[in-house]
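In this document, chain identifiers A, B, C and D correspond to the written order of the chains, with residue numbering beginning at 1 in each.
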Amino acid sequence: MSTLFFLLGLPLAGTVALALNGHRRFAPELNIAFSSGTFLAAAALTARVVAAGPLYAMEREFHIDALNVFLVALTAFVALTTAIFSRPYMRVKLEHGRMTPKRLRLYHSMYQLFSFTMLLALTTNNMGFLWVAMEAATLATVLLVSVYRTAASLEAAWKYFILCGVGIAQALFGTVLLYMAAERAGAGADGALLWTHLDAIKTSLDPRIMALAFAFLFVGYGTKVGLVPVHNWLPDAHAEGPTPVSAVLSGLLLNVALYAVLRCKVLTDGALGPGLAGQMMMAFGLLSVVVAAFFLSRQRDVKRMFAYSSIEHMGLATFAFGVGGPIATFAGLLHMTVHSLIKSALFFAVGHAAQHAGTQVMSEIRGLVRVNPTVGWGMMLGALAILGMPPFGVFASEFLILTTTMREQPWATPFLLVALGVAFAAVFKRVQPMVFGETELKPLPHPPALIPVFLHLGLGLMLGLYIPPYLEGWYREAARMVAG
Amino acid sequence: MSVLGLASQVLEIFAALALAPLLAGWVGQCRAWLQNRSGPGLLQPYRVLHKLFNKDSVLATHASPLFRTAPYVIFGCMTLACGIVPTLSTDLPLSPAADAIALVGLFALARVFAALAAMDVGTAFGSLGARREMLIGFLAEPALLMVFFTAALISDSTSLTTIVRTLSAREIGIQPSLALAAVALVMVALAENARVPVDNPATHLELTMVHEALILEYSGRHLALLEWAAALKLFAYACIGIALFAPWGVAHGQAPAALVFALPVLVAKLAAAGFLLALLETVSAKMRIFRVPEFLGMAFLLAVIAMLVKILLGAGPQ
Amino acid sequence: MSSAPQLVAVLALCAIWLAIGVAGLAALHRFHLVARVLFPAGGAVALAIVAAALPSVWGAPQSVVLPLGLPGLPFHFRLDGLSALFLLVLGGTSAGVSLFSAGYFRQSEGTAPGLLCLQYHVFLAAMALVLLADDAYAFMVMWETMALASFFLVISNHRIAEIRRAGYLYLLIAHIGALGILLCFGVLQANTGDYSFANMRAQHLSPFWASAAFLLALAGFGAKAGLVPLHVWLPEAHPAAPSPVSALMSGVMLKTAVYGFLRVAYDLLPVQFWWWGVLVLALGLASAVFGVVFAAVQSDMKRLLAWSSIENIGLIFAGIGLSILFAAYKMPAVAALALTAALYHVASHAFFKSLLFVATGAVLHATSQRSLGKLGGLLRVMPWVGWASLLGVLASAGLPPLGGFVSEWLLLQSFLFTPGLPNSFLNMLVPAVAAVIALVAALAGYTMVKFYGVIFLGQHREEKLAAARDAGSWERLGMAWLVAGCVVLGLFPAQFLDILAPVTQLLVGASLADASGGSNWLLVPVSVERASYGPLFFFAGVAASFGLAYFLVRRLYHGRLRRAAPWDCGFPWLTARMQDSAEGFGQPVRQIFEPLYRMRRELPTAFDARPRYAVEVGDHFWHWLYLPLARLVESAARAIGALQQGRIAIYLLYSFATLMALLLWVTR
Amino acid sequence: MTGLTQQLIDLFAALLLLLAFAMLAQRRILSLIHLYTLQGAVLVAAAAVMGYATRQPHLYVSAGVTLALKVFLIPSLLHRVINRLNVRWDLEMLINVPTTLIAGIVLVIFAFYLAAPIAGLAASIARGTLGIALACILLSFMMMITRSKAVPQVIGFLAMENGLFFAATAATYGMPMVVELGIALDVLVGILILGVFMFQIREQFDSLDIRHLEKLKDD
């Protein structure tokens, strides 16, 4: 249990420590240190789960199984690389005067709090705590998004707060209904919200209550996933917050929210039989993919564009889970992983690029590859990877999703085809001139943090060509759990 | 490959080389007669050739080796073309090497070289002639091919010797598809051999000339070769017409006597064909170059219709 | 492993290609190392691939599984006759192109030489692996890697906006096409979750699903091959790329699409339906006509060649369509004939088009001009390039005795068998179709005369052309190799048919070798009585009369020669500008095929003080298909964009409405 | 006894619904805060009565937390905010009141329609009130949609939270204790952050009108 303790304790301690010291010169390093500690704990925990199977802690309040363990590892990893990335990034911001030491303190502290809430949401076995952690994550990220205190960032944060707050309130109602169904199915008051317990009795949960509960839960957590039409907070928050925050929002928060939806889906499927939840997820996933693809073609702000791309990809993953079956579910999980890796890498590259240009407006970023070839190529490869170009992992998952859809749900393929085509046209049209062509950009004052970018891209590449057996084992196990 | 076959092959080529200028002279003479002129005489082409061979060749200063090579290539192509159209015998050793499609390709090869050579000097006329020649070519070539295809469908073969053998075994009678194809072939032949109404071999008027513009820069032996090649081409077309539409009298198999008999028959048929050509040229007027595509388009259409008719009616000896 | 020696060898050679690429990356700016060592090494590897693949044309299929790829779906590779044939084309062509590249790439052009070397060799390796892939995932990965590598090569001079635009269009269409292929594999795997080709072969699809797979494959591979109406990227991307890359793209990459299509249509799909063949035939013919008609009016030399590639791909697909038609009616011998024609054209087009593209590269380097209007007379200053291109041009024009003619001959021969089809409608259709083929072949001749005449013949249209230097020795070597390919394919068709025979046997269950009766010097599709073609005799005939004529003329008369200025018609200022321009040469075609173009003309009147003439030839497809599509997407995006109009109350309303909708859904 | 508690709970539920409607119709910000406080008080009472009736001690605890949070802490915070920001003006509505009310009635009917089949399944004695709880949630949702100022929007959000709390109490006698505490903490922190935000928004835009917050969009 000590690893779990460290996993959750370290970021919490980091929150406090950075709340006190976050403005100091060594704060970024401290941030990295806490994140690496968390990552090590996550790695150790992963190793344990790989070796010994699912584990419980604190009277079953915490539960690590195949579904969440890889997300825990991923979350800790992305949190670490983002912390590394944010060091030079924030230094530039500090010099430009957009950050003050005070804000930096808030930023660092909230960063740790955010990773704590993410890990809590993932590891908790209690659906109530899941909700609490998600809400807390909203609060932490709202502060992160608004950290520049500009008009736009305040607006974005406000919308984020209100929309996600309202959304997640629906999820709370769903949780209440879930509790009610559990109580009725004979669960004792103590265990009634424990997911493992619910999972055990899921077939005896009342279908009518569960259907209603899933509707609320889906709207609630779906808002955080960024599903159309409840996605509206997402582009604003991504575009106006600091880039490291955009990276973790896309890389972690969306995943965790989708994870919550998946947990609920398993229970709903158990109670109602497969169908309803899957159809809902397919419908909203597909809608998200299509709508986001069209949105992509109208963007001028680079981060906003990639935010819409996140909507598209989360939609695709949601759709895959909706299709169900071992292959599509496997693909959905893989998609979550690679999207998180690649998208955060993209945001890293975008962050540096925007600092080069002093703007996020894409038409003013030109010829990156000539000022800084590594950032330029990072962005190019990242964009191609996220657009589903092999041999990156996104392609692998899209391959599985599309081929499965073609036979399972052929009606959806024209939509997917149009959406992926439009998305490719839109994103690539804008990325290409940013990376190539003539330029008037200037070099950066500090060397950019390129290790995170290429580490992520490298992992994304690896997942496209080779999935290690233990990872594959998790995916299969998790897919079995989700798909039933 | 029999000795006789070899002999008939050689005979055929030499007959072509020898008779081609005569045919050109005959056509010119007939035209003169039809136009109430006395004419230069049948042997005039030979005299012209001899004169040209004796003259120095004058080359433009920046003409490339291609320019000097082209007349030989064209001459070679035309000689081969005359060698593979069965005029005297169907037992030709060269026949398997080139069928009807290859024959069309051979004409195309000669045409491409002529056009390239014309462009080589880089004068306005040369390139103008090249362009017009290629224009006529790309319209005439498919039409010619379709004519061959009509015959090929009838005889289930593109081999010229087989076609001639099949067609000559037929009884005399009008086949609608062949009749249409014949009209198409005549139109193509007029165009390809620079005849009125498409071109006028007797003019050097810049705006209308095609073939003459093409060879404007040539002189001496090169010009002689080109003139000879042109005569060979006319001869080859005449022989194609004869082979497709009047194939009777050609020697089949091992029959030396038939071979001997075939030559006068050929001369007679050629004389008729030459007269027909002169008649056609006399009664028609030169058309504007812009009208040529329509003319050749018509030929193309006729040839395609001929093929369709063949398939529709299922005609032909089975 | 030892059971698949050739396959392992080819895979190892691909790995060497990749290693050469990585070495290039390591030697990023060491130009001489990259150009003089790495590129020739790549060429040597290409030759080795030819050597390794040649025996497996006749051998039994070999397969290998690599521990890469998706879980449960490791990379399968398989080398059978079809793969081996295309590997031969790839290796043979790229050997010449690599040699040429060794002398071609210059230090200060766009991308760093080492990076170019990486992209180039990744491109080659990906193409080879596409040909070897034996499961859908490996295929798609290699396929897209190929597209990506070639995309980066296309935009290697990315500072020019037009080139970036071309690259964008290229990658976009390639990607959408790839999605089509992907969905095709989705159909073929028939919900088994097993993506290996072996499993796909074993599936029995219903006619509906089989047709769906076929149509998806046609769209996907057609996009890559440049079939109308998915051809628009091709005339943009080929001119934009460096010439050796254009050569590879046109010569080899388009052929991988042909390969993929054959693989799906014949190998993975168990049956063929006759209307598939008609569809492919129609698309192929449309592409052929469209390509050649547009090629005839181009005034940019690489763009002209690109359009000509569309034409040739059209001919290849016409052959494939015809063979599908025959195969559907269970006429394997004739199907083999049509397929042989298509495959032969694959090989000959690979060589002559690569040759022409590298020649344009040499011209481009010597003159820095791509526009035909500014070239001319280069045969005199660049004899190597000039004479090599002459052979390429003759082959490309489909003239005997070179490679292009053989395939056209075979194609026309196979058309003559269509009256045997048991479908009267098709019987009627075919003469018209054969006529179109004949027209295309003739127009190709027209186009090639224009291409060669304007670039290499006549006077220099610009002063500085007189100073142009001929290609260097590496470039000559590369071109000589490609010329040799064209000539060998032209003169020794019977020998090449031995290579094609097992392939057609594999795909349609018959081959021409069954019919030819073992004649080594004649090309005999069915019987000598029916048709035959002997290019060697043919060539000997022309050459003999050429030689005899030369000898006799010299012997009987004389060889005197004088040089003088060309005749100027009495007009004293004969300038280079009086030659026919590229536009002028295209004018008759433009006039005859006017409805096919979308033309914008600017004509001077008699009273213009400064007369100006301009003509712009556009593509109807672009105007009537792509632009409306783009506009449609744009307006859809605008409509959808209105959803996000900034008001939080509206956003809340969305949430509310969504909740209501979901609640209604669950209580339904 | 059960009859009485039942009646009491039904009464409180009706009160809650009434208050929700009142908030929907209310134009003045100060009254809105008063109504919110009142709603909190009714909730406390309901929870306490239920705790008494079912002998569930943790209901008392949650009643106490609610009392502290929703009757004292949050309203006083809100009061301070509006005093400091000097925003006591009347409110503009995006949609006029009668329309809102009619839509609200439709919503209530819909909520009952949704809740009716499942309310009977609840073990709680307050099972009949689940529909009312849902109606409260939806009405608050609608209130948020119709308001164009930041403060009432926040109040709407808080009212929704009240509805949720009532739902939890009505359906299941409340969530497990730790969860409730977590929720309460979240709400508290959330309201604090929102308060800070309102100051910042005011600083940036010189107004709390959220129509200033419409710059980020796709035009």
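Basically, contacts are C-beta pairs under 8 Å (C-beta built on N, C-alpha and C of every residue); 3 or more make two chains touch, one makes a residue touch a chain.
Everything numeric in this text was worked out from a predicted model, so none of it was measured.
Visitor: More C-beta pairs touching across which pair, A-D or C-D?
Guide: Result of the comparison of A-D and C-D: A-D.
Visitor: Let me have the rounded angstrom distance from the C-alpha centre of subunit A over to the C-alpha centre of subunit B, please.
Guide: The answer is 78 Å.
Visitor: Any idea how many Å lie between the Cα centroids of subunit A and subunit D?
Guide: Centre-to-centre distance between subunit A and subunit D: 31 Å.
Visitor: From the mean C-alpha coordinate of subunit C to that of subunit D, what's the distance rounded to whole Å?
Guide: 69
Visitor: Can you give the whole-Å distance between the Cα centres of subunit A and subunit C?
Guide: 43
Visitor: If a residue has to touch 2 or more other chains to count, which residues of subunit C qualify?
Guide: In subunit C, residues 641, 643-644, 648, 652, 655, 659, 663, 667 touch at least two other chains, as defined above.
Visitor: At least two other chains touched by the same residue of subunit D: list those residues.
Guide: Within subunit D, the residues that touch at least two other chains are 114, 117, 141, 144, 153, 210, 213-216, 218.
Visitor: By the document's touch rule, what are all the touching chain pairs in this structure?
Guide: A-C, A-D, B-C, C-D
Visitor: For subunit A, which residues count as touching subunit C in their complex?
Guide: Touch list, subunit A to subunit C: 158-159, 162-163, 166-167, 170, 211-212, 214-216, 218-219, 223, 229-230, 232-233, 235, 276, 280, 291, 294-295, 297-298, 326-327, 367, 369, 384, 387-391, 395-396, 399-400, 402-408, 413, 417, 420-422, 424-425, 428-429, 432-433, 436-438, 464-467, 469, 472, 475-476.
Visitor: For the complex, give me every residue of subunit D touching subunit A.
Guide: 114, 117-118, 121-123, 134, 137, 141, 144, 150, 153, 157, 160-161, 164, 167-168, 171-172, 175-176, 178-179, 182-183, 185-186, 189-190, 193-194, 197, 200-201, 204-205, 210, 212-216, 218
Visitor: Okay, in this complex, where on subunit A does subunit D touch?
Guide: So the residues of subunit A in touch with subunit D come to 126, 128-129, 131-132, 135-136, 139, 142-143, 146, 149-152, 154-159, 161-162, 165-166, 169, 172-173, 175-177, 179-181, 183-184, 189-190, 192-193, 206, 208-209, 212, 235-236, 239-240, 295, 298-299.
Visitor: Which residues of subunit C touch subunit A once you look at their complex with the stated criterion?
Guide: Residues of subunit C touching subunit A: 67-71, 136-137, 140-141, 143-145, 148, 155, 158-159, 161, 164, 167-168, 171-172, 175-176, 179-180, 182-183, 185-187, 189-191, 193, 195, 633-634, 636-638, 640-641, 643-644, 648, 651-652, 654-655, 657-659, 662-663, 665-667.
Visitor: Could you please specify the touching residues of subunit B with respect to subunit C in the complex?
Guide: Residue positions touching the partner: 53-54, 56-64, 66, 72-73, 75-77, 79-80, 83, 94, 96-99, 101-102, 105-106, 108-109, 111-112, 115-116, 119-128, 130-132, 134-135, 137-139, 141-142, 145-146, 149, 152-153, 156-159, 162, 206, 216-217, 220-221, 225, 290, 293, 300, 303-304, 307-308, 311-312.
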